[in-house]
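To keep things simple, chains are lettered A, B, C and D as they appear, and every chain counts its residues starting from 1.
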Amino acid sequence: MTEVKVGVVGGTGYTGAELLRLLIVHPYAQIEVITSRSEAGRPVADLYPNLRGYIDIAYSEPDENILANCDIVFFATPHGVAQSLVPSLIAAGTRVIDISADFRIRDIALWEKWYGQEHACPELVHQAVYGLPELNREAIKRAQLVACPGCYPTSVLLGFLPLLEQQLVDTQHLIASCASGASGAGRQAKVDLLLSEVSDSFKAYGVSGHRHLPEIEQGLSDIIGSDAEAPLLTFVPHLLPMIRGIHSTLYARLLDSDVDLQALYEQRYRAEPFVDVLPAGVCPQTRSVRGTNLCRLSIHQPLERDMAVVTVVEDNLTKGASGQAIQNMNLMLGYDESTGLSAPPVLP
Amino acid sequence: MTEVKVGVVGGTGYTGAELLRLLIVHPYAQIEVITSRSEAGRPVADLYPNLRGYIDIAYSEPDENILANCDIVFFATPHGVAQSLVPSLIAAGTRVIDISADFRIRDIALWEKWYGQEHACPELVHQAVYGLPELNREAIKRAQLVACPGCYPTSVLLGFLPLLEQQLVDTQHLIASCASGASGAGRQAKVDLLLSEVSDSFKAYGVSGHRHLPEIEQGLSDIIGSDAEAPLLTFVPHLLPMIRGIHSTLYARLLDSDVDLQALYEQRYRAEPFVDVLPAGVCPQTRSVRGTNLCRLSIHQPLERDMAVVTVVEDNLTKGASGQAIQNMNLMLGYDESTGLSAPPVLP
Amino acid sequence: MTEVKVGVVGGTGYTGAELLRLLIVHPYAQIEVITSRSEAGRPVADLYPNLRGYIDIAYSEPDENILANCDIVFFATPHGVAQSLVPSLIAAGTRVIDISADFRIRDIALWEKWYGQEHACPELVHQAVYGLPELNREAIKRAQLVACPGCYPTSVLLGFLPLLEQQLVDTQHLIASCASGASGAGRQAKVDLLLSEVSDSFKAYGVSGHRHLPEIEQGLSDIIGSDAEAPLLTFVPHLLPMIRGIHSTLYARLLDSDVDLQALYEQRYRAEPFVDVLPAGVCPQTRSVRGTNLCRLSIHQPLERDMAVVTVVEDNLTKGASGQAIQNMNLMLGYDESTGLSAPPVLP
Amino acid sequence: MTEVKVGVVGGTGYTGAELLRLLIVHPYAQIEVITSRSEAGRPVADLYPNLRGYIDIAYSEPDENILANCDIVFFATPHGVAQSLVPSLIAAGTRVIDISADFRIRDIALWEKWYGQEHACPELVHQAVYGLPELNREAIKRAQLVACPGCYPTSVLLGFLPLLEQQLVDTQHLIASCASGASGAGRQAKVDLLLSEVSDSFKAYGVSGHRHLPEIEQGLSDIIGSDAEAPLLTFVPHLLPMIRGIHSTLYARLLDSDVDLQALYEQRYRAEPFVDVLPAGVCPQTRSVRGTNLCRLSIHQPLERDMAVVTVVEDNLTKGASGQAIQNMNLMLGYDESTGLSAPPVLP
C-alpha cells in the first residue's frame, strides 16, 4: 500500500489528540501538518505528554496550500470552523473528513436553528456523506467529503438500527437514555468541567434539547425511509464522573413480542468489524472498549414484555469520533477497514 | 423531648454505618447496642475510622433480651435476617424499623420468588407499614413495624408519584433508567466491586430482572389504586463509578400534553420537608444531596412532545436507606420529622 | 450565648462555600452578607446547589459600611484582596479572619517575592495572629486580625510540631511529601483542573518552589524558636485525582532513636479537640476526616532506624481552611472551641 | 523473525491480563496455553471483556508437559507458585520469566522472613537474573530464568540509579515516597480494595515494612557495589484512588550540590528505549505512560539546596510488571527490545 499524506486541522482538543494517537500507529498515514491558531509554534507533546517521543511536529497556523497538498485532511475543530475552510480544499480535489458537526445535518434550516449560526457553504452539505460505515459503507468509499457522526448519534443509531430496519417497534416513542464521560465536552476551560464539579456526581443535562437530537432523528429517518412517519426520539444525555466512554440505554415498544431479537442483532452485525453483539444477558461496560473503535452492545426483552432494551457502549473519542474517522479514511482510500485500529482495549 | 433507647442489628455494612453516623447527631437517640455476629468484640471505629471519637461501643452478639429492652430497633442486615428476629421483638412490644427487604412486599409468593427463600413470618408482613413518609405518613406514625423502602424504589416512586396520582400517563409502559453508586452493593468482598473493576467505567446490570422491580410495581399500584390496571415498569439499573448517590431518569407517555407539570410537582411536594422540586429546566446532580435525607427532582416535557421525563436524585445510603429510617423513627416517636436530619450536604 | 453578625467576603470559591456550609449549622452565627463582585445579585444556591433551602441570601457587591457593621468578617478571597479591605474594617473595630494568604508571612519582602506583588498594608501584618490554635491559642483569643494558615502548612506544622518542640530531629533536612485533592486549587476555569486532566492520574507540581514553603518554614521556626538555626524543608506537593483531602507524609532524621514517639504525640495532643493521634501502626486516610475540622495523624519509626515518618490527614477545605476559620472565630468570641464543628465525617 | 511459543501460568490476575494484551499485539509471540486452576475451562474473554474477539483460548489446568513444550513460559502468579513449577521447566530447557517475587531476592533467609514461607528451590535463585534491563541487559540476554522486578522497585531503582552510580548522595538516608493505583494490589476479593473504600481517599500503608523494601535495598546495593556500606532506604507506599500508575518521589541528600543533575540523567538514559528524562522543571504524570512500558522521570534540586528530588512515573502493570516481562523476552530471544511495546499511551 502507498503512504498517504494527512493534514489535521485543530489538533489541540481531545478528538484531535486521539486522532494523532491513532494516526501514529497507522501503517500508511504520514502526518504532514497539525494546525492550531492558538498554539501555533508549540510542540504537540507539550500539550499531550503521552505523545512525547512519538511525534515531533509543532502546531502551525492553518495554511490552505499546505492543507490542499495533503491527500486527506481531517477537521477536529469546533463546529463552524470546517465550513469556512472545506470549500477551497474540496475545490482543490483534497478529500476531507470532518469530525465536527458542520456537515452532518442535511436540513440547513434545522442545522442553523440548533447551532445558532448561518451555514457558510450549504451547497456542500448535500455532497457530504454521513460517515457511519455500518449504514453508508459504499457511499463513504466514493465520497470526497465525509461528515463523521457525533458520539451520541453513533451509539444510538447502531443500537436501534436492526429494530428499525425490521419495523419492529413504535417509532413515535423511542427513548435514548445516554451517559458520557467528561471528555465528550472537550478540553475547554469551563468551571462545569472541573474535577471538583464532575467527579463523584452524576446528572442529566440538555433534557429540553441537545444538538445531537436532530442528527439522531435524521439518522433514524434514513433507516426507516422517508416514506415512513418521521421517528420521534426522547433523548436524555447524562454526565459521567469519568473521562472516556459513552453508554446508551435504548427503549422501544415492540410491535411484535415474539421475534428472536438476539438472532436478529447477531445476524445484522455478523460481518461488521467494529460492532460486537454480546451473548444474551451480558451487559457491556464502557471500559471494555476504551481507546478502541469497538462498539459492543446487547439486546434485552425484560420479562418477555413488549419493551425492547438495547445497551450500547463505545469510546466517545474513538468510535464516537476519531477512530470512526480513521475507519472512514480506510474505506475512502481502499485500505482494509480495520487498518491501524486493531489494538485491544486497555483494561483494567 | 425524652431520650429513646436505640438498638442496631447489623452495624458493619454501609447502611449500618450511615445509621450510626446519623444517630450520633440525633439529639434524642441513645445508642444502646450495635450487633454483629462476625465482628463481635471489635470497636465500631475500627471498621469505620470516621466514627473514631464519636462512638465508643464495640459490636456485640445479638441478644434478644437486650434488643427487646430498647425502645426501637433498626435492622441494617442482609435480607432474611430480620424475619428471624423481628417476631420476638414485636411480641415484646418493641418497635422495629427494618431497612432490609424482608417486609416490603406484601405478596409473599412474589417475595419468595424474587428472594429465593421461604419467608419466616408471613403473618407480620401485612402488619408492616411501607416506610415512605410521602405516601404513608399517618400509618407510619402508628406502626410498630416499618419496612423501609429500597434505594431505587424510593427515588422512582417519588418521581412518578404526582403523575400517577393525577392519572396523567400511560401506566403500561413506564420506564426507569436508574444509576447507583457502588455503595449500593454494600460492603462485600466481591471482585465485581473492586475499584479496579468499577472505576472509570459504566454499565447496566440486572436488565432481565432486579429485586427492586416488584417492590416498585407494588408501590406504583398503591398510588393508582387496586382498581386500576396493574402498572408495568421497565427498570434498568446501572452502576456508577462513584460511591454514593442514585439518579433516576423516568419516562412516561403523557395522556394529556397540556398539563402544567411544573406546577403540579411543586404543589404536590410543597409541604414535604425532604422532597425538593427544582426550578423548571434545572437538572439535579447527585452530589447536591450527598450524605443527607434530601430527594431533589425536576420534571421535563422535552420539545412539548407527549413524553414526560423526571430526573430524581437521592443519596442511596441516606434517603435511600438510613436517613429515611430516621425520618420514620421521628414520625413513630412524635419528634419533628426533620430532627437530626438537617445538616446541609457537603459540596464539593 | 449571644448571636454574632457575620460577613463573608468572597463567597463563590470552594473555601467560601465551605464556610457558608459550616456557618449554617453554627448555632450562634448569623450570616449578614456574602459578597462577590462577579456574581452580585445571584442567589448563593445557584452556584452551590447543596445549599438550596439552607440559605436564601444572594451575593452582593462588597460594601464597607455593611461589612464594618458585622461583628466578624471572613475573607475567602484570592490573595491580594483582603489587604485592600481589611484596614478600614480594623479601623472600625471589626474583627477579621482572613483565610487567604495576605497576612500569614511576617517578612514582607519574603511575601512580596513569593506572591509577586507589593503588600498594601504591611503595618497590619505584624498585628495579625497566625491562626493555628494548637500553636497560638491564647493570642488568637485576643486577636482582632487572624491570618488562617494555608492547607498544606496546617498539616505539615501539626505533623512536625512534637518532634520539633522536643528538638528530636535534624531540622536542616526536613521533608514534606504532600498530596492534595483538586479542590485545593479552587473553583477556577483552568484546563489543568478539568476532570479529564486530573482524574485517573497523579503528579507532583511546584517542586522548584511553592508559596506554602516560606509559610511552613516560618511556622517551623516559630516552633523551635528564633535562636535556633532556621529550619530547612524540602516540600513537594502532589495533585490527587479526588476532590477533598490533604495527606502529608513527613520525614525527619532522628537525633535520638530511643524516644517513645507514640507517647510523645499522644501526650502533646491529648487535650486538642481537633488533633487525633491514631494507635501505633494505623495509617490515617483522608476520607476519615472529610468535611470536618479533624486532623488525624500517626507517627512511625520504620524498622527502628533513625528516620521518623509522620502521616497526617485533614480536609483541605475544613481544617485546612474554613473549618479552622470557624475554630478561630469560636476562640475569638469565647464560644466553646468545637461549636458548630462536631458533626462526624461522612463515610463511605 | 521466527515465531515463539509462549505459555502463561496464572492468567486471571491483572498482570496476567496485561501480559495477554501485550502478547496479542506482539508480532512473534504465539500464545499456546494460559493456565488457571480456579478458572480452568472458562474462556479468557469471560473474565476480561476487553479481550473478547482478540483471544479465543480458555484457561486450562497447568500441565508441565505442555508448558515445557513452550519456548518461553511467563509466571503471573502470586508468590510461592512459580518456585514449585519452575525447576522442572528449567530442567527441560524451557526459558522462564517470573513476574512474581519468587526469584528476586538472592538472600534466601531475607526472602523467607519477608514472605513468611520456606523457599522451595533456593538453588535456582542464584541462577535467576534480576530483570531490570537498564541495569542487567547483557545478563538478561543469556538468562534462562529471569526474575522481573516488582512495580515499586522498578521505579525507585530507575530514579536513584544515576545519583548512586556517581556516588553523589548520602546512601544512609534515602527516601522513597511512592504511590500506586489500586490495580497494584491485584484482582482479589478484599473489602479494602472496594471502590467504596479506595475511591475519593488517599492513605499510606505498610509504613512499618513492605516486601518491596528488601528488594529495593538489594538493587540499590547492586548499583553502588558490595564494597560500599549497605544503603538504607525509608520506603513509604501510598494507595491512590485510581486504577493504574505508580508515582515515586525520591529524596536524597546531595554530597555535592554543584553537579548538573539534568545533564547527568539525560546522559545516563539517552540510549534507553523506555526511560524518558523530561526537560528541567517538568513533572511527569502517571497518565502520560498509561498502558505502556515507558518510565518518565525528572530530576530536581529545589532552591539549589542540598536535596535532590526525583519524580518518576510508570504503569505498574506494564513497565512495573508485564511490559517489562515482554521487554525481557525480547532481549532473551534476540528481538528488537521494543518489539510489541511501541503503541503510544492513551490520553486523556
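One rule holds for everything that comes next: contacts are C-beta pairs under 8 Å (C-beta built on N, C-alpha and C of every residue); 3 or more make two chains touch, one makes a residue touch a chain.
These numbers come from a predicted model, not from an experiment.
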Common touching chains of chain C and chain B: A, D
From chain D, the most remote chain by mean C-alpha position: B
Copy pair chain C, chain D: interface residue numbering same or different (half cut): same
Centre-of-Cα separation between chain C and chain A, whole angstrom: 46
Interchain centroid distance [CA atoms averaged], chain A/chain B, Å: 39
Where chain A touches two or more other chains, by residue: 14, 183, 187, 196-197, 199-200, 241-244, 284-285, 287, 290, 348
Chain C-touching residues of chain A, taken from the complex the two chains share: 14, 181-183, 187-191, 193-200, 241-243
Partner chain A, residues of chain D touching it in the complex: 14, 17, 21, 24-25, 48-54, 183, 187, 199-200, 243-244, 276, 284-285, 287-291, 294, 296, 343-348
Touching residues (chain side chain A, partner chain B) in the complex: 173, 175, 177, 179, 196-197, 199-205, 207-209, 232, 234-236, 238, 240-245, 247, 249, 251, 253, 281, 283-287, 290, 300, 302-303, 305-307, 309, 311, 313, 348
